[in-house]
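Sharing a structure below in structure tokens format, with a few things to ask.
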């Protein structure tokens, strides 16, 4: 079976998925939709697909699956619309900034039986997959502590931050998902601290740029997440799992393996700076996993519930910072 | 000036200091005291010094300085006794397990004007000193986040744990001191989570073996400390400082630089396993710094107040775990 | 201008170039030729190109350039045939196993003015390019020594070795080219030693599996090349340049950045094992460089002369092993 | 048994051994001799030993062993003198610059049955010992290739070079010994190339500053040695052994484990620059091994023959450079 795709939204991430779909055996890019005609045309021309409106796509018999790459506040409505049409749905995270809205949306998905995958690209990074495989193979024994150091090279523009739902929902959300994935047990309580250290403008938007979070499960496993919106040396992405038998870690990716030694010492280049470059293999693997799930009728590796739970942890972390206390996941989930 | 030393306590750490004093120009080991005659004799023979009781040492005109290496519950009394005698005092951490007792002891020290150094060996590790020097030289700009991953190879015996004051006062106390040193600003509030994951016996003693701590200063700088009582791969000691301009880190020390590559991959030996081996240079530097301070009449690089503040952070962390909330340093210090 | 390609030979390397051409903007794969119909059809179907014979391709007006991926003993004839037809030519190394034959072939190329690029993929590896760029930027000062450690995971089959011209012409030839590229000065003399250590069958074919070579230029710069046909830990590819101001090196590429630590120590995965995987980016960059040269009418980054000189060094090395003496390049070139 | 020592020569290396002997249980430094009174007095005062002339030491009943740290041209005579007196002898490399003179000296040693150890400090470096132990334990299978990259931070003064016997006898001699040790089979033939690249003054002394050597054993094992008298980034000391099952390597030692990351990339400090610092543990282990051999009456780990064979390889390498051919060890040994 060839999965016939339409992409909703021709922005940066839409283009990434277009490229990945075009390069994947068993998938075909049929149509692209974007209110900005030039953006849609660019994708249409590059990959030889139709340009249609979202409503036209909804009415298209030759589309099996959609990739939702539109602004966040449209995600939940689009998921519901296409779920009711029986299309398979790949949706960029987050489903919505509100836990209640996500929950309602997932109910619709459940009622319709639609296939939904929420995009958490990091689970598809080859290095992180190797960590997860080592953990699942019992190489570190029982998981005890997950350590995630995740720093962006620089903060997004103020306009983006305003609509982002804040650092926990926008940036840490990826780390919450990775932590859940690696802990192998649902999180029970959340403690977090937040500061504004890189740019006072971020504080004016009532957001943070430097946060640390401790997650704890019912059995006492812990994860620690350390985020900053600034890392001058590149996109710092480290994960580590400590267990009863040992520890496994994935390292960073530098621009090259070059090492220069001179009278000042040894120098290596900075880390890959841009998330699309750092996670280019991950984006390809992610869409391939969705295609495989649609083709086989199997479960998607990341689900609507994964999207919901990462958002719940984000809300719990924000509440912890604001209230200076440990917040239970059950307080947020209700 | 040659600083004439007596060591109180001929156990493992007393022997370490004996060796360091004997090897340091400008110092002379005059006497050793220990209730266990064999232990005292061993040191006496190895380094050619007298064996005296603590009271005899207190009465000795040929002793300028004492190194207190006795059990913790004797530290504060001995500090006060020797401070009143005008001796210079090097005391192993902690001064006492009670903040109140430490505070009273430090008042005595202050009144007598005695020189007191509390032993925080890590500040004297060459790699950690290189990190601190880089921070002080402005290499990372303004300090934003300190990350300390500190894991013991294995837990001490239950008997030791019982008298230790718990993981925060016994193990994390070193990391609290390192965090204070590197943050460059006093800690304002503490959040911590604790679990029992490596050995249920530790839980029966009402202690934890796996803890994570977030420290925050008034200006928003943060430090994160991750501790475990078990690391199968050796004594894991990593520190990292993120600042506005960059990041600086000290790495671990392996048993050797050997790397073996075969069909299974690349293999390096475990980390140095024993704290005395890992910090052997640090112990030498530490006692040399004390000797220099006594000889010059200058300030000691680690002070009674450093001992007090690390203990305060330990109490705050314990309160945070117990109460599930952020605890202010001022709540503990009073 | 779009460069319209035909590929001669649909084997492993022909398929690699087909994929690269199909993925490169400004190039179009028009036809594939292979005496094995199934092989040609596979490429034809995957990339939607015609299947033609070599003679049909020679007669095709819609072909601007050919990639010669046929057996080595056909390369020189095909280069001459297509050079006379005015086609641009990309040819896999080596042009021929005989220096005299290569020289005659290059004369034809020169007379016809045809564009010829000989494929030395390593010059297009991003890490090696970073080394070259650092050298060219003067980061190491004047080049003094080039060190190349290059080991194959395992030997090719006896049948392949028989037709290969021996290890120097088949395997070391890549390192000779890299050495010339990095030395920045033509080689003057060659010393080499050869052994049979991994498989006595290789010795029966009068070949070696373990060789070391020292190259020296007129000004005294030296390069050292160390080859083995066996490296259990993967495809070992290291280069290093020492100069008056410092040293620059490119490291190996492991299967992932994963590091596992347990009671046995720290373990990383083996190196990428397969040359197509290790140099996948290089193959893409290489064909893109050829396309750019054809489109712009400029010089190709690797030339027929590069192919010739690497072969000359191979012959000199072989003579050095056989005769136990330093061999001058001028002895071979005539 | 306590081994009672006299040291002949109070220069840099004599002081190093004095310190090591003083710190080793089972050894006692009795006397020091040096024609420069101040040098002898410094050692005498630091370690509380007598100052005697060499002849007085020869006549001393309270001396069991001597460490010969005098200029090279006195070594052979002193070895013979003390061998005839029945003293145990530790002698710094080389025994002499002439193979014939060394051979005669070793005959005297053999006749007298004296214990002689020639100082090759690198065999006692903990990291190199770990490599050797891995090889001996069969971790890499059958040894095939030894790779030694050994670069001094800078050339010694012209005066030193004049009397040194040239780079092969002075610097490479250490690598020859390490190669013999790791190859596990005697060297059969030598090829070498030499250049003057770092300082034309070295060329005026008819010496080289940049050399590469290929050693081959009868069974075809090979070692490659790459030397330079200049490495701006510190004292570069790498060894690697490739075998049928894998590869083992020892890495360099940096000034600290510090890594600094900023917008320019990742930076580590240079390598330890000074051989006494780099090999400080080796010097201690070396003298301890000698003391153990003397005390136990066993064989020394490095012998007079080791000293001879390293010198033979040096002469063979020099002949190879001068004559542009492979030189057999048997040509030099006679």
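Going in written order, the chains are labelled A, B, C and D, and every chain counts its residues from 1.
Going forward, a contact is a pair of C-beta atoms (placed from the backbone, for glycine too) under 8 Å apart; a residue touches a chain by one contact, two chains touch by 3 or more.
Predicted model only: the values in this text are computed from it and were never measured.
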Quiz item: Which chain pair shares more contacting C-beta pairs: A-C, or B-C?
Solution: A-C
Quiz item: Which chain's C-alpha centroid is most distant from that of chain B?
Solution: C
Practice problem: Calculate how many whole Å lie between the centre of chain A and the centre of chain C, each centre taken as the average of the chain's C-alpha atoms. | Solution: 40
Quiz item: How big is the gap, in whole Å, between where the Cα atoms of chain B centre and where those of chain C centre?
Solution: 58
Quiz prompt | Shared interface positions of chain B, touching two or more other chains | solution = 232-233, 245-247, 261-263, 269
Quiz item: So that we know how the chains sit together, what is the shape of their touch graph: line, ring, star, complete or other?
Solution: complete
Quiz prompt | Touch list for chain D against partner chain A, complex | solution = 232-234, 254, 261-270
Quiz item: Where on chain C is chain A touching in the complex?
Solution: 126-127, 130-131, 134, 139-140, 245-253, 255-263, 269
Quiz item: Okay, in this complex, where on chain D does chain C touch?
Solution: 142, 144-145, 147, 149, 151, 189, 191-193, 195-198, 210, 212, 214, 216, 220-222, 224, 226, 228, 230-233, 236, 242, 244-247, 324-326
